[in-house]
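Shared between the two complexes below is subunit A, which pairs with subunit B and subunit C, respectively.
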Partner chain A sequence: MTATDTAAPARTPALPIPPRPRQVAARAAATIVTIVVLVSFWGLDLEWSKIAQLPQDLVHYGRLMFSDPDWSMLPEAALQTWRSVSMAWIGAIAGVVLSTLLGIPAAHGVGPAWVRFPLRWSFAVIRAVPDVLIAIIILTVTGLTPFTGALALAIGGIGTHAKWTYETIEAVPPGTAEAVRASGGSLWEVVRWGLWPVAAPELMSLALYRFEINVRTSAILGLIGVGGIGAMLTQYTQHREWDVVGVLIIVVVVVTMLIDAVSGKVRRRIMEGATVRDVERKH
Partner chain B sequence: MTVHTPASAPETQGQLMIPPRPRTWPKALGVTAVLAALTILTTIPAIGGVEIDLASIARNWTNGVDRIVQMLTPDWSILPRTWQPMLETLQMAIVGAAISAGLAVPLSMWAARPTNPNGVTRRAVRFVLNVVRAVPDLVYATVLVAMVGVGTLPGVVTLVLFDIGIVVKLVSEAIDSADAHYMEAGRAAGGTQTQINRVTALPQTWPVFASQVLYSLELNVRISAILGLVGAGGIGRLIDEMRGFYRYDALGTIILEILVVVLLIEWASNVLRKRLR
Partner chain C sequence: MSEQSHAVGSEAEGATSASGSWPISLTDVTVRYPNGVVALKDVSLEIEPGQMVAVVGLSGSGKSTLIRTVNGLVQPTAGTVRVGEHEMTALRGKALRHARGDIGMIFQSFNLADRTSVFRNTMVGRFSHTSTWRTVLGISSHHDRDIVMRALDSVGMLEKVWERAGALSGGQKQRVAIARALSQEPSVMLADEPVASLDPPTAHAVMHDLERINHERGLTVMVNLHLMDLARQYTTRMIGLRAGEVVFDGPAASATDADFEEIYGRPVQPRDRLDVS
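Up next is the complex of A and B:
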């Protein structure tokens, strides 16, 4: 101990290398994960010949689909795309209105506990049911129509969207709501003037995001027969008309990316517009 | 304005100036008009819109309620038949997440600015991934089933494509916004880009990466539950079969089972994620 006092000045230039930390837990976790993955892999009963052939298949079918797409199907594809987008839009509007009406009472500080918890549980239940199954139930009511798709998107959307709504409302800083309450505002006035103006930009942005998600989901719902681009895609895939399938995939990708881009721009504008207004108010 | 002249200040102190109401109606009108126009355009059946048929709801709503009531009285006798497909679903989810995790490491390094200063390759990787993300999961599954035949292989490939899109996007965004100090230190010490990525960026993003992979595993369980509807393996195959026989009570059991498995996976991955921080 005392010897180090004299030795210390001589040692300062060379920094001691700290010992490598022993990562026993990390090693154990990595081993367990590896074993689980390997067991799942062997359990899956994948056919190795098919895996080996997969790259070759992808190139083969890729060439069939995209080397000479059948562009004469474009008008029909555009019509069906609009049908899918329509389902997504109607589904988003109905879903967002329902989620807002149900989500706000489910927020802490707005609804009493006996309203809040049943609502939250029902959102959780809806979240657990795949959209496709919701559509399967609804088609017994409205048949195999695009309207079924829109309704399925609206009801399926409540699960996540109402959750986002009450989370957004709960994230509002309590100041404005307290101010309204302090000046004698009723619960309705607290929501209307204390919470809504603060949460609105975020909620609008989430509503547009819901539309973006619905555009993807509506193509999936088409697969069970409610119409739109998904239905057309299934049909031509089953008939193995690959040149048409190529056109449809191109249309889906272009439309989805276009809608994402426009909606993303609007969302950024909504969120940034809100901060600019805040800055102006301070001056 | 009056604040600058102290003499007039006491006068205005008694009554607060009410600021003029901001003129928001032109903007509100514009937004409402756009929303209304889109809604009208999407409800014209002739151009592909949705025909809103509220009468059919009034007429047939009992059908839907019957189905829901049937689902709420689950038929437990189906349970033994669900184990094998459910196991398959879980295996597909795990294998899909694992393969995509392996592929996502180099791809997210390519797609982030600090780890790939070359703008051309970075944009190329990002563009390809945007295209991959734009195709819905079940569309991949449908096309792949037609290509390689019914089975778990198209399902796993679908999950891999879907996961790569999400994980690479989120991880590369995390690298973009992460503190670049370690990487600068690596560059100052004379490391090549690969060495810098290996020694600084990789350990730094490891927790984000692991947490996103866990998230993709959760999504995989949800998705692979329905992949079977188009013939891509898993419990969806059983759902399709039961739906064909109108066995809604059995469907209720299967949905409940999926719910339990999803909740368990979410719980496990939450526990793991807390340990990662």
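Up next is the complex of A and C:
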């Protein structure tokens, strides 16, 4: 394109412009993606007329829910939210502990290949199963209790958190571990004092993030009846008691945002490393 | 040269070291990495007990690999490495870890766990002498604690013992790393570019610490350097490496600029010296 510079005398040797690469693969991919998007619109049976009506409906239901919320239900809503958050918290702790135990041996340089690959494969399988499905499978054994929810969150959490764990361990700069090895440390000691102290802040931060995710998921798990705010929400929606639903939505949004804000602050503080403070003062 | 005077020192202070100081011997050592790079070619060396040796070369010359074959962090493709009573190239698993316990090592980037206390970091030096379950749970005996505190005191870092390693300056971190190595009660001390991340005054202080360890405890010290003035000033023998081969072996103090040009494979430049004079 730049070759036709009229100002340059004809004698100037032609610039050795490298040939522009032909991006066949990229173009083919773009075409395929376009086709997939178009076909999926087809399959959804979209009723465009209803979309036009949506803003109107939103205002209508919004008024039903929030013009005169039934605040007498607030204590019950708070109690159920507390159950959901507990479910999320227990699920996060159990999931993180299991993920740490299973994720560290799955890291390259820690476990041998015959340990690593089956573990990674199991995490991938768990990741492929939605938490709700895990809960439905578990509740055949443990019944419709918040415990089922916590257990489902714990197992579902392994899929992602164990993956984060081995990825974090693998990303640890090798220096500290090399120093432990150089002074005669065994694999256990290398993991405990060479890898863990370096990876721990990030793993703790990810654990809190897991909790934040669980708070959301626990509300969804309520829909299948394991209790908590989600169960209450389904119930009142089905009875079309919009003034109660309004209260529930307000409570869910406020609590979730609060937890996100606090947890986010704590995570930032963990990652930045506190200002100089004495650790292990007890010794 | 002055090795004889060190031998006297090792007798006087030898009690602090588990088994005195040891010789290091490499015979026809070749290291070829899986990617095909030959880092060391047929290197043979005899290092006397109590010697303070500088290994000098540019980055990529193989000096990091050389020092890592001594404690078995790198296993040679061919040849044997002996350190004192241990034939490092023949050892595996527990025996290798035990042998490493007798060899202290410090690094360019200190390699401390920054989020952990100086105490915990130094305690790593006791691992080869302590059962695994105790170290994993972080339980330390009075004996180990005593050794760690003495090691920290000997490098002037005792008052920082409960501070986080990450809160220390570079020079302080390297001192803690030296204390970690000393608490192994080693017979040999390895140092891989120990002052390359430090400013000149701190670099001299750390080199001085290493010199003192060599003099007072009589430890055999092998230190990788790329700066010529540090090698001349602090070590008695210098080994020059270029492209994985030994191109110089002789007294450090009398090594001429021409000798360094032979090692570097290029004229001497201002950046080859720490102190601009």
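Convention: the second predicted complex is superposed on the first by the 232 of 283 C-alpha atoms of A that agree within 3 Å, B and C clash if a C-alpha of one lies under 4 Å from a C-alpha of the other, contacts with A are read in each partner's own complex, and residues count from 1 in each chain.
One rule holds in what follows: a residue touches a chain if its C-beta (ideal position, glycine included) is under 8 Å from a C-beta of that chain, and two chains touch if they have at least 3 such contacts.
From a predicted model like this one, the values you see are computed outputs, not experimental measurements.
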After lining up the shared chain so the two structures overlap, which partner does A:D68 touch, if you call subunit B first and subunit C second: first, second, both or neither? neither
If touched residues of subunit A are counted for subunit B and for subunit C, the larger one: B
In the superposed arrangement, which partner chain does A:G194 touch: subunit B (first), subunit C (second), both, or neither? second
After superposition on the shared chain, which partner residues are touched by A:R181: those of subunit B (first), subunit C (second), both, or neither? second
Is A:G143 contacted by the first partner subunit B, the second partner subunit C, both or neither? first
So in the superposed three-chain picture, is A:E272 touching just subunit B, just subunit C, both, or none of them (first/second/both/neither)? neither
Would you pull the subunit A residues touching subunit C in the complex into a rising list? 175-176, 178-186, 188-189, 192-194, 197-198, 200-201, 273, 276-281, 283
Of subunit C, residues touching subunit A in the complex: 71, 73, 94, 97-101, 103-105, 107, 109-117, 119-120, 124-125, 127-128, 132, 135-136, 162-164, 166-167, 177, 180-181, 184, 190
Taking the complex as given, what residues does subunit A use to touch subunit B? 36-37, 40-41, 43-47, 50-51, 53-54, 57-58, 61, 78-83, 85-87, 89-90, 93, 125, 128-130, 132-133, 136-138, 140-143, 145-147, 149-150, 216-217, 219-220, 223-224, 230, 233-234, 237-238, 240, 245, 249, 252-253, 256-257, 260
Residues of subunit B touching subunit A in the complex: 35, 38-39, 41-43, 47-53, 56-57, 60-61, 63-64, 66-68, 71, 87-88, 90-92, 94-95, 98, 130-131, 134-139, 142-143, 146-149, 151-153, 156-157, 222, 225-226, 229-230, 239, 243, 251, 255, 258-259, 262-263
